[in-house]
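In the part that follows, the structures are each spelled out as structure tokens.
Here subunit A shows up in two complexes: once beside subunit B, once beside subunit C.
After this line comes the complex of A and B, so read on.
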């Protein structure tokens, strides 16, 4: 591992620890939700990253169909993996937050929750496809198609669940419009930044592994054929 | 690419290809038969799985209708795609000057027509077997738009999966989450129609279905050629 790589890794880890300390320990306890509000510093950056990851899958899928270079396919695969990890953590942290605040682990009337679940299912199917399909251009192409269809499906799903909630109103705690204080905003922004940095680092490492593994598979194919 | 985008020819190509799909189906009656038998079997299963617990299976009508349609459509569309790819028809068509968009649209139209034909049997069967009456003509826009959504998504997904080894297990896990908005909107709209809501109240669901159909047909038409190329 190169020195720049190590430096990147240590910086992101340090930032993650620092922001965790600032947000989880030193930030003030919020008045209405109490200690449970601390999940916010973890949940929202992860949700942001999840949507960022599927956007990256979408863009690199289009680029793959257009350019047909293995690079874009590798970026799509890595982004989908990060998307699944972050979406899973978002669902879990959201449930843990929902239980004390809404009084329920899960609410079918919240469009964000249901959309995230549908998104999780689509990208799980995407990863299943990548692993069952094996290493071939066919799988990469098919992955790109699902990457595109899955992405355009997300806003329609959100909108349809949003409409549905008017029929089935359940108590949900909507945040009021008041702006968060700086004592909450600053640790949050720092947290967001460190999570992005951390997952960029993981994505970068994962991309190098994917590249090496693709090279190996190509060599094997050449040797056996 | 510019050469293949000869828009004026597309309607004619779609018409010819649609005629081919219908002719094949009239001769073999394969897709319709599979769908009808499958849908009737699911009514039987729903009847016994819900009636025993609730004593009233009628509140499940929209769900029964759309779950039967969902599963029947995925079976039938997959059949039509595998038939064409196993016999090399799709690959053959791609060698001709036919635009891939025409192939996609004709498949979607054919599958929509088959789903509508299924409803000609399914709706009376539900009314008869579950002792209820369905407001058939009001359900028509929901059924047409829902069928288009099911066919468009089913066609593009099963077209891309045709050469995969684990197609049978991948098709439902990819297709069903993508179809979630269609199933949610059609079931809700049908339920509202059965419960006697007015057009103003349920028309927004027609809007969701319409936008899904347009967005999916446009996107899928653009990427269909990638899905079927060798």
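After this line comes the complex of A and C, so read on.
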């Protein structure tokens, strides 16, 4: 591993630990939700990353169908993997936040929760297809179609809180009336930046491995045939 | 179940942060395992190529 890679890795880990410390220890305890509001510093950046990863699956799937180069297929696979990890953590952290604040682990009548679960299922199906379908162009094409069609659920998930409000609150960061104070906003932005940096690092590493793995598969086919 | 906001029990916060950090480290561990399996495969192929040459 190169020195720049190691530096990138250590910086992202350090930022992640620093932002976790600031979120847990330095940020104020909110009046209405109490200490449970601190889950916000982790839940929202992870949700943002989940949308980002799934948008990347969508873009790289289109690019793969257009250009037919292995690079775009590799980007889609890695993004889907990161998307499923972040969506899983969003679902778990949301449930653990909902229990003390709403009094329920889960609600089937809340559109945001259900559409996020649908998003998780779509990308789980995508990854299952990629892992069971083997190393073929047919699987890559089918995966790209799922990656493109599955993206339809992303705007539905995002706007679900505006369309069918039930338990999940509306975003407060975009509104000027309800914007949180700086003591909450600064740790949140730092946390968002740290998670983006960490997953960029992980995504970069994973992409390098995916490339090496594909090259190795091609090499094996040539050597053993 | 009733909301529990009156109590300042941090257990849910610790569980959320614990699960997230563990998951991220587990994923890093998985990536390093993949990397080492690729290295082993490369060595095997090198051996195979050398044997066929000889």
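We adopt the following convention: the second predicted complex is superposed on the first by the 198 of 225 C-alpha atoms of A that agree within 3 Å, B and C clash if a C-alpha of one lies under 4 Å from a C-alpha of the other, contacts with A are read in each partner's own complex, and residues count from 1 in each chain.
Note that in this section a contact is a pair of C-beta atoms (placed from the backbone, for glycine too) under 8 Å apart; a residue touches a chain by one contact, two chains touch by 3 or more.
The shown structure was predicted, so the numbers you read here are calculated from the model rather than taken from an experiment.
Student: Under the stated touch criterion, which partner chain does A:111 make contact with: subunit B (first), subunit C (second), both, or neither?
Tutor: So A:111 meets neither subunit B nor subunit C here.
Student: Looking at the overlay, what does A:196 touch: subunit B (first), subunit C (second), both, or neither?
Tutor: neither
Student: I'd like to know which partner A:141 touches here: subunit B for first, subunit C for second, both or neither.
Tutor: Once the two structures are laid over each other on A, A:141 reaches subunit B alone.
Student: A:220 contacts which: subunit B (first), subunit C (second), both, neither?
Tutor: A:220 contacts subunit C only, not subunit B.
Student: Is A:132 in contact with subunit B, with subunit C, with both, or with neither (first, second, both, neither)?
Tutor: Once the two structures are laid over each other on A, A:132 reaches subunit B alone.
Student: Under the stated touch criterion, which partner chain does A:92 make contact with: subunit B (first), subunit C (second), both, or neither?
Tutor: second
Student: Which partner does A:52 contact after superposing on A: first (subunit B), second (subunit C), both, neither?
Tutor: neither
Student: Please determine whether it is subunit B or subunit C that touches the greater number of subunit A residues.
Tutor: Looking at subunit A, the partner in contact with more of its residues is C.
Student: After superposition on the shared chain, which partner residues are touched by A:63: those of subunit B (first), subunit C (second), both, or neither?
Tutor: After superposition on chain A, A:63 lies in contact with neither partner.
Student: Using the touch definition up top, name the residues of subunit C that touch subunit A in the complex.
Tutor: Residues in contact with subunit A: 1-10, 12-13, 15-17, 19-21, 23-24, 27-28, 31, 34-35, 38, 41-42, 45, 48-49.
Student: Going by the contact rule at the top, pick out the subunit A residues touching subunit C in the complex.
Tutor: Those in contact with subunit C are residues 16, 20, 24, 29, 32-36, 38-39, 42-43, 46, 85, 88-89, 92-93, 96-97, 99-105, 198, 202, 205-206, 209, 212-213, 216, 219-220, 223-224.
Student: Residues of subunit B touching subunit A in their complex?
Tutor: Residue list for subunit B touching subunit A: 153, 156-157, 160-161, 163-166, 169-170, 173-174, 176-178, 180-181, 184-185, 188, 204-205, 208, 211-212, 215-216, 219-220, 223, 226-227, 229.
Student: Within the complex, which stretch of subunit A touches subunit B?
Tutor: Going through subunit A, the ones touching subunit B are 65, 118, 121-122, 124-126, 128-129, 132-133, 138-139, 141-142, 144-146, 148-150, 152-153, 156-157, 159-161, 163-164, 167.
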